[in-house]
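Two complexes follow with chain A in common, the first pairing it with chain B and the second with chain C.
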Partner chain A sequence: MDKEFFFDKQAKDPIERVGGRAKVTGAALYTADQQFQNLAYGFLVGSTVAKGRIKSIDTKAAERAPGVLAVITHQNAPKIPGYQTGRDPAKPPTAGQPLRIFYNEEIFYYDQPIALVIADTYERVLHAAKLVKAQYEKGVFQTELGSNLAKAKIPTGPRFEDYKRGEVDGYKNAPVKVEQEYYHPIEVHNPMELGNTLAHWESDQKLMVYTKTQGVEATRKSISDAFKLPPENITVHAEQIGGAFGMGLRTWPYEIAAVMGAQKVGRPLKLVLHREQMFTNVGYRPATQQKIGIGATPDGKLVGITHEAYANTSSYEEFTEATVNLTQFLYACPNVTTRYRLVPLNMCTPIWMRGPGEATGSFALESAMDELAFALNLDPIELRNRNHADVDPEKNQPWSSKYLTECFQMGAEKIGWKNRKLQPRTAQEGDWLVGYGMGTGAFGAMRWAATVKARLQPDGSLLLQCSVNDMGPGTATMMTAVATEAMGLTPAKVRIQMGSTGLPPGPTQGGSNVTATVGAAVNDVCTALKEQIATLLSKEGSRFHTANVHGVKVDDLLFAEGAVSLKQNPAIKMTYTELLQQNGLSVLEQTRESKGQQQQYSMYSFSVHFVKLRVHKPTGRIKIDHVVSCADAGTIVSPTTAASQMIGGAVGGIGMAMMEDLVIDHRFGRPINNNLADYHVPVNADIPNVDVVFVGKKDPYINQMGSKGLGEIALIGMAPAIANAVFNATGKRIRTLPITPDKLMEG
Partner chain B sequence: MINFDYIRVSTPTAAVDALAKDKAAQWIAGGTNLIDLMKKGVLNPQKLVDINNLPLKEIRKEGKVLRIGALALNSDVSEHELVLQSQPLLAQALKAGASQQIRNMATVGGNMMQRTRCPYFYNPDMPCNKREPGTGCGALKGFNRMHAIFGTSDKCIAVHPSDMCIALVALDATVLVAGPKGERRIPFQNFHRLPGELPQRDNTLERGELILGLEIPDNPFADHVHYLKVRDRSSYAFALVSVAAALALKGKTIQDVRLGMGGVAHKPWRLVEAESFLKGKQATEAVFREAANLAMRGAKGYGQNNFKLKLGPNTIVEALKKATEKA
Partner chain C sequence: MAKDNEINGQPEHSPDQGRRSFLKNSSLLSALALAPPYIVKAAGAEWDEKAARFFERVPLSIEVNGRSRTLSIEPRTTLLDLLREQLALTGTKKGCDHGQCGACTVHVDGKRVLSCLSLAVMQEGKKVTTIEGLAEGEKLHPLQEAFIKHDGFQCGYCTPGQIMSGVACIREGHAGSDDEVREYMSGNICRCGAYPNIVKAIRDVQKGGQKV
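And then the complex of A and B:
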């Protein structure tokens, strides 16, 4: 599986996206599509102030409204046993205390749920929810990062202490240096599918939940902790997820509210958030103010980098991400200092959004590298080549695999980098200025733990079971690809059951770990099946045995076309169906847990994004002509879905660079573009041809397939690539995202 | 959403009667704006009078006039042969608005009547003089990047959001309406109004007056028109600034010209001074620039929208250049 390739959109991948047809024809059933007898509907009422206390809350009108079954507030909420043991959220944040819904009268942010209204129809509950009125004692709130930097704190915990290698702020002594500040606003995940939960207490000790989560096991644990219910009494389903981008990486208060509400009314309850609530209650990518100081010798050898980041969190929890960490290892540089600070604001806690901190950090670091290249009069790729880190300079150990140089070469070729002018503002086509830019991304190649069960069935098909879910990247397709290759089956003969607890436990879908983790587990369980097959074939009297007197080993066998045969004598062959029949077995079944090992290697996936764009001088409009995204993600198991991931990441990066911006009116502490007409993400017309290039070289250590992750690197480095291309086109360096026309128009 | 009644009518008279009888009733056409406003709690009509069955969908030529019914769909108008032939500027402006899906529902009358997209107007618990007179203008010292630079008042700096109407104001359209007191004709320029002391009033229709349709006179511009919309993404976004330009050229000489501007005022903004300056002049960039500077006289920024003071004239020049280029 060690092959370099350019993903050709016309070429046919033998494996179609598993479940794709059901999704595009509407046959796939999401949480909100589930129908239950006697279903009740819940809707959350939010606080209209951003900080303070509820003085009084009037629910009478809502309670009297037609069809209303209950209104839950902090005054009558059933006690959540897990909430009692928590910390007091009013205390200053340390690592923090998750928001306890309906716990007391305290308000921490605008639209924080203050009531759950439950009624017999969705329309009725929407109406009744409007009738709940609250009085507040208003507090002084803060929602702006920039004006609260003085309140910044070092996060608790060892991972976020200041980092230094060599001399502190050593860049200052360099002969050539750049010192700049970069800012990007809050971005909101906004998956198509809204946050939604359906909770059904099958008995007072048994709970079934459908919900939008990226990890059913993690959700089960949170619910178990909150309600003090043994995990085995809880089933969590998330078979279909309509995108999440990180928003489903924790259990949110609304999910707890749904479970609480179902208990209160003794009926199954469905709670679907409104789009507006998606902007206020389920996390976001925090705003970040960053400072970079970077210095080099005149011939372009890095002397030092200092990277400081201030990111916002909520006032009750510390949310952290690896914003400055790229700087610690991306380049061979003797003096590196990083500092990461949190600023508490009156907002809901952020949550990782695709490419999390690395995407944010790379905007600053890779913009600064471009600024340095300009100061040195060097090609930006040349600057990176001169500072290539041959070993991980942070951990001081070799990389498990690193093909960044190949990414530079392949991408530069495809985008036509040789046409890039070293001097900005020198390529013009009429009123349009043309520019090229690039940005590098990296993300830890992680392999967690997964258990997969594989069952070879009488019709010769293979059933794979794992609780991991597929929020869109194509996990099921990837699992199918690994299994078809291992067992010699056609995709039609592989069936996957996934996305609910009760199945063998899989990992949460986050941190680009799933292909490396679950793919490896599928591979391992197939190996176990093959070993079992070899043992069966070694029995006295078997034709295979007769031909191989020393006993049959997996290596002696060929698994192809739904059958097993002897490599040396392919005439000796048996289909899986015959194998089961002849051994009097109804099925052949194996379960394997498989996980990554501690390694003496640094494991990362790498990407380089290239952009060619034009800027219209009079109106400042940007037209992206071409994107080339190159990835070193090890072996590519499933080309179609891997390429889709890369294209999706590029689109996300374009949104980050040019559009996404949660606008908050700080006088009211609330967002004002909390809908999809005003909060912009790219439309098709914004997206050019995106070419995807995979290096495709195996990582020898991560797993047998040699696959690293790519969900995050698909986005990391894209925003600076655009900002750098804009500079190359116009000579204007935009350090505050998003890059909108008003920042570029001239005249 | 509050419960409401729903009835359907099939003649203009019945439509007018239904509103005359019931103060809390409201017409619904495509519903693409009204339903959003109801969901937001900005409008709470107790009765919806569906006018989609009214025989007001026709698009036809009567002598030298193009007539378009109030219930013609935005998508139909933008693709209609007569429109493409005699009023291509209108087709261009329509296509620049919203999305194909919305244009498939939206009607000409509804488009003219659409409310501003100012976020303070859209959020009932924020101050807005247009929604709730006397509560103040949230945008004046708040988010005003999308807001007006012409004809504002201290009560309201909202903009009229339509693209279609920018072409119509340039094309000297006439609005035909029917009300309890009979029918009347309103020149398009006088249809929408400036906020002044009454920002709650977007236009000069009296309550209960129904738009029947539009008349657009033939003009010599078909060869040289351009609608330029500058926005934050390539499609499905409201204008930062837009310009509808129409030129009648003889060689390089400008015989006649019309200019409308969007995203800059509480009404579709007609650039009368720039037009009279341009008449008889040569179609060159320098002349366009002078006209654009004239057009910008009296413009005023509110902070976040100051960029429109520069983007505005640039867009005028660009639209005129593009209109000139067309053969």
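And then the complex of A and C:
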């Protein structure tokens, strides 16, 4: 492999998204699009109380309604063998007892499924579901974070103990300091595709499931554990996923219900959640109350940072994320203390949402940095430069690569940072106040394990197989880009088969790991193919062999235009098709497992987001004029899809900063705005031109391509960039998200 | 005797009693009431099922993607569910079922319509175009090409709705500037956040002046 592999790649024309044609013609088939004969439809009925016990449940009317095949409740649910063994083996994110659907009469949260109605048409099941009536013995519930902080506890496990570097709460001794609280409300993933599962028992021991998951292997394991079926008897399909953003990172109770229901009625069953249920049953980014104390010397050297976070979890599981972790390594700072606490509430368990805890944490940390810069009368970028961490201060080891300074420079240039006024509220255009802001993001650059099979076929095309799926970021495109580069093929000659079990196992799509992990595996399997080709060409009688007395090595060969040739004598050339023919082979096939190694380097991707916005003085309306998102994500394998992913992260961050807020009516413990009209997400008119800038320098250690991930950093740091720009425009510091016009109204 | 509005799904009764009172009030049922008493007495599940099978059907003539269809459908069926569940045209997506997200946008008689808020029975004699009907054979519609060129999507789930809306947006004359496109495309949510590229795709086609 050439040392400069991929480094020159970015100058070439980026390849277009693989599978694009299917998506623009409606031919792409998602879970609920699958056609099955004799399909039954399921619908979940939810609890109307937030805590308590089901006293009685009346299903007679529903059972009598036309077309109804079954009504499953805790009273008649088939026993799930895995439920009897204690913890639901549908693996939980963290400690606790995951919800066992229809297990008993206990209610843990509002809209918890109490019945699954199954009928022969969708209209009939929807009607029948309304006929199920339950009586409850109501319990006392809590759904508000702020009034329950006294119940906060340290999560189970050593990872969550308080972090101390230097003096505890050392910031307090600093000459200049800021102490503030920041609040982030509940935010819900709400991918456009609803949660849905289509389960089909092909026999009593053989199950096929289409479902909305970010990891088919993990889902298969969960179902296997729950139903005590051998994994090889279960096929999980997720070839097309309509977004997930973290929602598909675990197997939810509704998915188990669908499998159970299909078994009960002996027909393929389609269970599609309603949009309301997407707000109550499949996780969310938890509400988080944070405190930051940050102090510096008058010339802007950090003395200390203390970061505390109180996040909600459910009453039955401990959901944790890395909310305070950025603070431990983002800046060179001698005294750092972090504390992370969980507050159990009577709600469904949260689940990681894009950027997860780091996005929440960065809102507090990067807002506080901006507040400190203001207190010091310093440019916020200058404050960051003065505290640049040259090595990882947490692990005290070098970074594998870090081009944060380049991100600052490139982004500042592009947004026109020089036009930013140091004093807030000094730039005005008519009724509009103008402001600039920035925020930094970082996320671990992870490389997990993946196995990829590559098959060179008689027509000279390459088939790649891996069970990893593509919920939108462009995994197939990335794999194609790596393979075309490695094998010298056009994108049209590479075919990807992915997204279902039975293929060589790939990782779950989460934690920004897939390009680093699967891309590396594609690269490795292509290398193995090339070695095999070199061996074939070394045979006696081969023209390649004759030209190379010492036998043919991969380094002697050029792989380009669907053919292999000798570097030193390009006239000696053979197409892949000829290669197979001459060796009497039907295909050339290699399978490789590839995984990251433990390294003496800290591996992170970094981002800096810049925002220019205006605030309308009379109404408090914010209009974002321009966003520039810069990423240090190593080599960018697929520039088109990577840029789209960055833009998408920026849009997600805009939602987090300006509109997303699940409002709970704490009198009843239920959400008020559990629909897409009342729960505001960014729409087209909210989003300006977003420029994406990649540093594009390879990471020397993570993998052959030098690629780190970018799905999370695309969002982390965006919300504080907006909050900081709002401060720069108006002089008002908003520490409670979302930043809605009422918080900025004059007077 | 039945009034039209009862047949068209505006019940005056509680949900629990819905279908029964519909049956009682139906003129068709009045005729059935003349049937031998033992049939009527056979109340319960089986009777419900048979009656429902008979009464839950209404005829519908509709043209979908240029093909005329004569169907027998449930009056409760939305245009979206008709397309997806009965005609296997699954390109049109269900994102909220409440007219809040735009994923189900189709054209009815040339205008963009939220198919989840449209009862199928109300489309009698109308011409429906879905994403599957936009291309001419293998030749993609210019906006489909432009979505690929500008990468106007990621997961692809909202894409059919975006494209149907985008075509209508251009035809309506609402694609004259980037800001106008942003405004007139704001009924179609894209959670992956492809908006800037969607705007580019629509503007590209509008400026290109191709027939859409």
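In this section, the second predicted complex is superposed on the first by the 724 of 747 C-alpha atoms of A that agree within 3 Å, B and C clash if a C-alpha of one lies under 4 Å from a C-alpha of the other, contacts with A are read in each partner's own complex, and residues count from 1 in each chain.
What we mean here is this: a contact is a pair of C-beta atoms (placed from the backbone, for glycine too) under 8 Å apart; a residue touches a chain by one contact, two chains touch by 3 or more.
Computed from a prediction, not measured in an experiment: that's the story for all the values here.
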Query raised in the report: Between chain B (first) and chain C (second), which, if any, makes contact with A:R621: first, second, both or neither?
Result: first
Report task. In the overlay, answer first, second, both or neither for which of chain B and chain C A:V683 touches. Result -> both
Report task. Identify the partner contact of A:R275: answer first if only chain B is touched, second if only chain C is, both if each is, neither if none is. Result -> second
Query raised in the report: Between chain B (first) and chain C (second), which, if any, makes contact with A:T641: first, second, both or neither?
Result: second
Report task. Kindly classify A:G139 by the partners it touches after superposition: chain B alone (first), chain C alone (second), both, or neither? Result -> neither
Query raised in the report: Now for A:T48: first (chain B), second (chain C), both, or neither, which partner does it touch?
Result: first
Query raised in the report: Touch check for A:H127: first (chain B), second (chain C), both, or neither?
Result: both
Query raised in the report: Who touches more of chain A, chain B or chain C?
Result: C
Report task. Report for A:G731: first if it touches chain B alone, second if chain C alone, otherwise both or neither. Result -> neither
Requested in this report: May I ask you to decide whether A:P491 touches chain B, chain C, both, or neither, giving the answer as first, second, both or neither?
Outcome: neither
Query raised in the report: Across the two complexes, what residues of chain A are contacted by chain B and by chain C?
Result: 123, 126-127, 130, 677, 682-686
Requested in this report: Over in the complex, which chain B residues touch chain A? Could you list them?
Outcome: 1-3, 41, 117, 119-120, 123, 125-126, 138, 141-143, 145, 228, 230-237, 240, 307, 310-311, 313-315, 317-318
Report summary line: Within the complex, chain A is touched by chain C residues 15-16, 18-19, 44-45, 48-49, 52-53, 56, 74, 76-77, 81, 84-85, 88-98, 100-101, 103, 130-132, 134-135, 140, 144, 147-149, 151, 153-160, 163, 179, 181-183, 185-199
Query - In the complex with chain B, residue positions of chain A that touch it - result: 48, 123, 126-127, 130, 431, 618-621, 658-659, 663, 665, 667-668, 672-673, 677-678, 680, 682-686, 740-742, 745-747
Report task. Provide the residue numbers of chain A that touch chain C in the complex, in ascending order. Result -> 16-17, 19-30, 32-33, 35, 61, 63-67, 121-123, 126-127, 130-131, 189-194, 240-243, 245, 272, 274-275, 471-474, 640-641, 643-645, 647-652, 675-677, 681-690
